[in-house]
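Below are two complexes that have chain A in common, paired first with chain B and then with chain C.
So, the complex of A and B:
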C-alpha cells in the first residue's frame, strides 16, 4: 500500500491555496490524476519524487519516504519520472541516456526492444521525433525498476496516432514491471484506456475518486450522451425550431420546440444530451 | 421537449440494462435505459421527457404495434407548415407536442378535437428529473 498524507501552501495564479491530499493507493494500480491547471497535480508528483518540500507523511509499503522530521533524498526513492517535455540528456545517445540511470545493459536492451527503439540506440535525442523521444524517456524512467512511475502529461505533445501507440506501450510496461503508476492527464480516452482509478483535484483538494467510468461518464438523468456547449442561434424552419450549438471545435444542430425556443437565450451555456440508444457510430474511412 | 409527471412502479434489470415502468394517469409507461442513478427507485415521482419528433399518432387505430407506450389524447391545436405540422395534444391536465409530416396530417385528416393515440417507443422516453 502507498499512503500519501501531505499538506503544502501553494502560491498559484488564483492566489494562495492549500494542497491537502490524503490518498491510499494499492501497489500495482494505475492511477490517473486529473483536474484543472493550477489544481496541484504536478506539485503532488514533485512531492512524491522528493523534488518539493511539504508537510505530512509518505509511506510506500514498509518504507517511510517522508515524515515530520525526515525526508528521503530523491535519488534514494524508487521513482521513475516522465516529463511532458522528455527532459533527455541532449549530448548522450539513446542508449547512454538509459545507462546513465543504471548500467543494466540487458534491461536497457529489453526496454528498447519492447518500444521498437533498438535501431535508434546510437542516435542523439535531437534526431528523434516527439514520440520516439517520449519512448526513450519512458524507458529511462523504468531503468531502475521504480516502485512508483510518475508521468506528468506524458503524451499531451504528441499527435493522436502516436498517442494511441504510446498508450499501448505504457500499458504493456506498467503490467510487465508491476509498478504503481501515477499519471497526470486531461485526456478522457487516455484515462479510460490506461487507468483503473481516477482522482480529480480542485484547488488542492480531492473532489472525485473512482473508476474512470464513474468519474468521467457525463450523464444527465437517464441521458448517457451528454455534452456541454454554447447556444449560438435559434432559427425557425417551417413549424419547428433549430438550435445551433458550438461543442468543442464543432457546431451541431438540435431541433427544439416553440416553448423551449422562447425560453433559451443566445450565448447561454447549455447541455445537449440524448439517450444512449439514439446516436449511431460511423467509423472514419482509413 | 414535452414533460410529464409519473411514478416509478417497477424496475427490471439485466447487467447494465434496465426497463423502468411508470404510472401516468393509469397508463403503464415503459422506458429502456442503461445504468440508472441511485435516486431512481420504485415509488419515486419523476419528470419524463419526450421529444415532439418522437411521438407518433394513431387515429381509429386497431391491431398490434410494438410501441410500448400508447396514450389516448385529444388534439387541441394543429399548426400546419409547408412540410411539417405541430400538434398539441392534451391528456388530463398535460399538454404534449407531436411533430409529424404535413402529408400524414392530411392523409389522416387530423384536426382539433380528434381523439387519437400517441405512441412512443420505450427507447425514446427519458427521465429528466427525480422529484
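So, the complex of A and C:
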C-alpha cells in the first residue's frame, strides 16, 4: 500500500494554489493522473520521486519516504522515472544507459528483447527515433526493479501509431513486472487501455477518482454518446447553419438551427451528443 | 640572424608552458566543484560569487598583482605562515607565479564549465539521481562527458591565457632567469634592451602557437557539436 498525504504551495501560471493530495494506492495498481496543465500532476510525481520538497507524509509499504522532519533522498527511494523528453544519457549507448542504473546484464538483455531494442543496444541515443528513445527510457526506469514506476506524459511527444505500439509495450511490461505505476496522461484512450484507476486533479485537488470507465465515459442520463470538442466555425448553407467542431484529431460538421447558431460562440468548448438513434460502429479500413 | 637563432634561449617558453600546465591542472580541480555549485544553486550568494570570480577579467593586472604581492609576501600573515611551516616563499619565485596565475585565470576556467553545466538537461541529471547515483558520480559520469566542448574550451583558454599573462607575472615574479622569467616577460626585456631580432622571434613563436591552439579548439568543438547535436537529447 502506498499512502500519500502531501501539501505544497504552488506558484503556477494560473496564480498561487495549494496542492493537497490524499491518496492510497494498492500495490501493483496502474494509476493514471489526469487534469488540465498546471493542476499539479507533474509536481505530485516529482514529490514522489523526492525531486521536490513538500509538507506531509509519504509511506510506501512499511517504508517512510517522507514525514514532518525527514525526507528520503531520491537516490534511496528505488523508483523508476520516465520523463516526457526521455532524458537519456547522450554519452552512453543504449546498453550503457541501462547498465548505468544497475549492472544486472540478464535483466537488461531481457528488457531490450521485450521492447525489440536488442539490435540497437550499441547505438547512442542521438541516432534513435523518438519512439525508440522512449522505449530505452522505459527499460532504464525498470532496471532497478522499482517499487514505483512514475511516468510523466511518456507518450505525448510521439505520433499516434507509435503511441499505440508503446502502450502495448507498457502494458506488457506492467503485466510482467507488476510494478505499481503512476502515469500522467491527457489521452483518454491511453488511460482506458492502460490504467485500472484514474485520479483527476484540478487546481491541486482531486476532483474525481475511480475506474477509467466511471471517470472517462462522459455519457449521462439517456444520451447514447457524446463528445467534447471545440467549435471552430459556423457556416451558413442556404437556410441552415453548419457548425464545424474539432473532436480530438478530427473535424465534424453538425447541422444547427438559427437560434443555436446565434447562441454559440466560435472557440467555445462544446459537447455533441445524440440519443435519437443507435450509432453504428464501422471498423476503419487498414 | 643565424647566430641569434643558435644562441636563442628557450627557457622562457619552457617556463611559460610549465606554469600554464600546472595552473590549468590546479584550476580544473578547483573549478569543477565551484562551477557545478554555481550552475545548480538557487542561493542568493550566487551573483556575489559570480562577480568575485569574474573580477580578474576586468581588473588591471597591476591591481591583482599588487594585492597578491601584499597578501603573500613574507610580511603578510599568509606569507609568514607558509614560510614558517612549509619553508615555502610565495613571491618572486615559481610557486608564487602558480598561485598568482590561479587567481588570474580562474574566470577562464569557471565560466565555460558553468555555461556547459547550465546547458545540460536537468531531467537527465535527475534521472541519474533517481538511478541511485550521488552528485560526484553524476558530475563525472554524466555531466562532464556531455559537455566535452565546454571542458576543452575551459582547459585550452585557461592554458593559453596563462601563457599570455604579463602584468601579474611581472609584479609577483619579477624577472629571475630560469625561475620567473616567462616568455612574455622575456619579450618585454628584449624590447627594453632594443634586441628586436630576438623579440621578433619570440613574438612570432607566441603568435603561431596561440593561433594553432585556438584553431584546434574551434575545429574540435565544431565536430563535437555536429556529433552531439545539442545537449538536449
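To be clear about the criterion, the second predicted complex is superposed on the first by the 238 of 286 C-alpha atoms of A that agree within 3 Å, B and C clash if a C-alpha of one lies under 4 Å from a C-alpha of the other, contacts with A are read in each partner's own complex, and residues count from 1 in each chain.
Operating definition for what follows: a contact is a pair of C-beta atoms (placed from the backbone, for glycine too) under 8 Å apart; a residue touches a chain by one contact, two chains touch by 3 or more.
The structure presented is a predicted model; accordingly, all values stated were derived computationally and were not measured.
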| item | value |
| --- | --- |
| Touching partner for A:34 - first (chain B), second (chain C), both, neither | neither |
| Chain B versus chain C as contact partner of A:182, first or second or both or neither | neither |
| Touching partner for A:144 - first (chain B), second (chain C), both, neither | second |
| First (chain B), second (chain C), both or neither touched by A:120 | neither |
| Touched partner set for A:87, first chain B, second chain C, both or neither | second |
| Which superposed partner A:238 touches (first chain B, second chain C, both, neither) | first |
| Between chain B and chain C, more extensive residue contact with chain A | C |
| Partner chain(s) touched by A:107 [first = chain B, second = chain C, both, neither] | neither |
| Partner chain(s) touched by A:166 [first = chain B, second = chain C, both, neither] | neither |
| Chain B to chain A touching residues, read off their complex | 1-2, 20, 31-37, 40, 49, 51-53, 79-86, 97, 99, 123-124, 126-130 |
| Complex contact set, residues of chain C against chain A | 121, 123-124, 126-134, 141-142, 145-146, 227-229, 231-233 |
| Complex contacts: residues of chain A adjacent to chain C | 49, 51, 73-81, 83, 85-91, 100-102, 125-126, 133, 140, 143-144 |
| Interface residues, chain A side, partner chain B - complex | 219, 221-224, 238-240, 255-258, 260, 275-278 |
